[in-house]
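Chain nomenclature is as follows: A, B, C and D, assigned in order of appearance, with residue numbering initiated at 1 for each chain independently.
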Amino acid sequence: MDSNPRDVVTSIRVRYAECDPMQVAHHSTYLIWFEAGRADLCRVRGIDYPAMERSGLFLPVVEARCRYIASARYDEVLELTTCILEIKRRTVRFGYRLVRDNQTVAEGETYQMLVDSSGRPRTFPAELFERFQP
Amino acid sequence: MDSNPRDVVTSIRVRYAECDPMQVAHHSTYLIWFEAGRADLCRVRGIDYPAMERSGLFLPVVEARCRYIASARYDEVLELTTCILEIKRRTVRFGYRLVRDNQTVAEGETYQMLVDSSGRPRTFPAELFERFQP
Amino acid sequence: MDSNPRDVVTSIRVRYAECDPMQVAHHSTYLIWFEAGRADLCRVRGIDYPAMERSGLFLPVVEARCRYIASARYDEVLELTTCILEIKRRTVRFGYRLVRDNQTVAEGETYQMLVDSSGRPRTFPAELFERFQP
Amino acid sequence: MDSNPRDVVTSIRVRYAECDPMQVAHHSTYLIWFEAGRADLCRVRGIDYPAMERSGLFLPVVEARCRYIASARYDEVLELTTCILEIKRRTVRFGYRLVRDNQTVAEGETYQMLVDSSGRPRTFPAELFERFQP
């Protein structure tokens, strides 16, 4: 994941409820943080995701992957970098890197498909396709 | 909360992700368990809540309260008793008691209002009103 | 909940995973936001809650209450004000008000007890007692 | 994922709080269900995971992957099959398949490492190694 001026950085403070009995953020929480990163990336690139959903276009996750490298603890502040790895006619692939003090905490990817409200695959409208370019 | 033959008992096994660094179930989780109890109560009383929502009737929580009396730990099995405390024209009040081995773990209440899809209060249809009787 | 210079304001952006099929933030999520507000209040007042836990002092919630007044939707930014309502020898009561554009979304309270690692009630050390003053 | 007599089946009812504005179970929830499946698999094979943790051995997830094939909706009952794909000296790989009415909803894997309470890798004790055989 090379740095790209179009990548977006989100600051994440670890919540108590997100931590588990091992005293670290539960591994399912990372997917929720990645989603917050995608929301920020969309906002920065002028993509109004809530409006997309109101117009009947959705981007469900069809595959997710995360590698947990170091632990994240309650009240720590993490830096999440979200990027777009690839866009195709109907799918988009996002990449994530979570860092604390220059140490990589986790890396992940989600693969998402554009669908309508009945779940049928759709082709990205030209303007959206442009905004989702890596 | 006296026992009532129309009360419904739900078995809950505490999940790891539901526990926090104090090694106990996080207090927000109890509201999710209470909701699972309501789902069981509806099912037992012949109320199809998913169908209610599809027909445009919703029961959002307008007030919730929980008293945490003992801790619940990972992998423990709890017994949740859900009852209806009161039904009025547009509102219903549920009560919950969570028990482990005859020890009360928590007690709670939710107060819910019947609304339509734009959030406007609605009056319970006669059949629903009957099914929600304490 | 009158305004107090010692109250703390936290900005909360509603996450997608926090919303439910009614298209609004799930009612259990508010307790997690309130906890984030407490974390900010502690930090601002010089209370290092993670260090408190490492030293064997915990503040579990023994009672929580929330009144849901308006809905919160995905991607909205809410302003959470957290205050201390009361401190006693072993307990502290927090108050919360969640606002969006001058509209109150929710109000809540948590009642918490100082305990040691075996769950026995403890008396607030003098310095902590001072920092938790309303 | 071929069927194996040592695989374990867990019944999962989709909770309301687990569903998102797309009206389907949020993709992060699947990792929590997989964890519930692991808990059941451990129990059936005589592995007391809570006792393992008390004795200072933990199995954090170092990599997770999920492929989402069909949606899961509120109140549906899903069947989760959990299996062990591979055990090595210090790591174990679990596989998951989530099914509803013979339709595969999702498939996933977690890769986990045995560590002590300071996070150092440990070798499986012989008895545990035996119980975690595929």
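We take it that contacts are C-beta pairs under 8 Å (C-beta built on N, C-alpha and C of every residue); 3 or more make two chains touch, one makes a residue touch a chain.
In this text the structure is predicted, and so the values were computed from the model without any measurement.
Of all chains, the one whose mean C-alpha position sits at the greatest distance from that of subunit D is C.
In this structure subunit C contacts its sequence twin subunit D using mostly the same residue numbers, the overlap exceeding half. Between A-B and A-D, more contacting C-beta pairs join the chains of A-D.
If you average the CA atoms of subunit A and of subunit D, the two centres end up 23 Å from each other. The distance from the centre of subunit A to the centre of subunit B, each centre being the mean of the chain's C-alpha atoms, comes to 33 Å. Those residues of subunit D in touch with two or more other chains are numbered 16-17, 21, 28, 31-32, 35, 74.
Interface residues of subunit A, counted against subunit B in their complex, comprise 16-17, 19-21, 23, 26, 28, 74.
In the complex of the two chains, the subunit B residues touching subunit C come out as 21-22, 24, 27-29, 31-32, 35, 53, 58, 60-69, 71, 119. Of all residues in subunit B, only 13, 15-17, 31-32, 35-36, 39, 43, 49-50, 73-75 touch subunit D in the complex they form.
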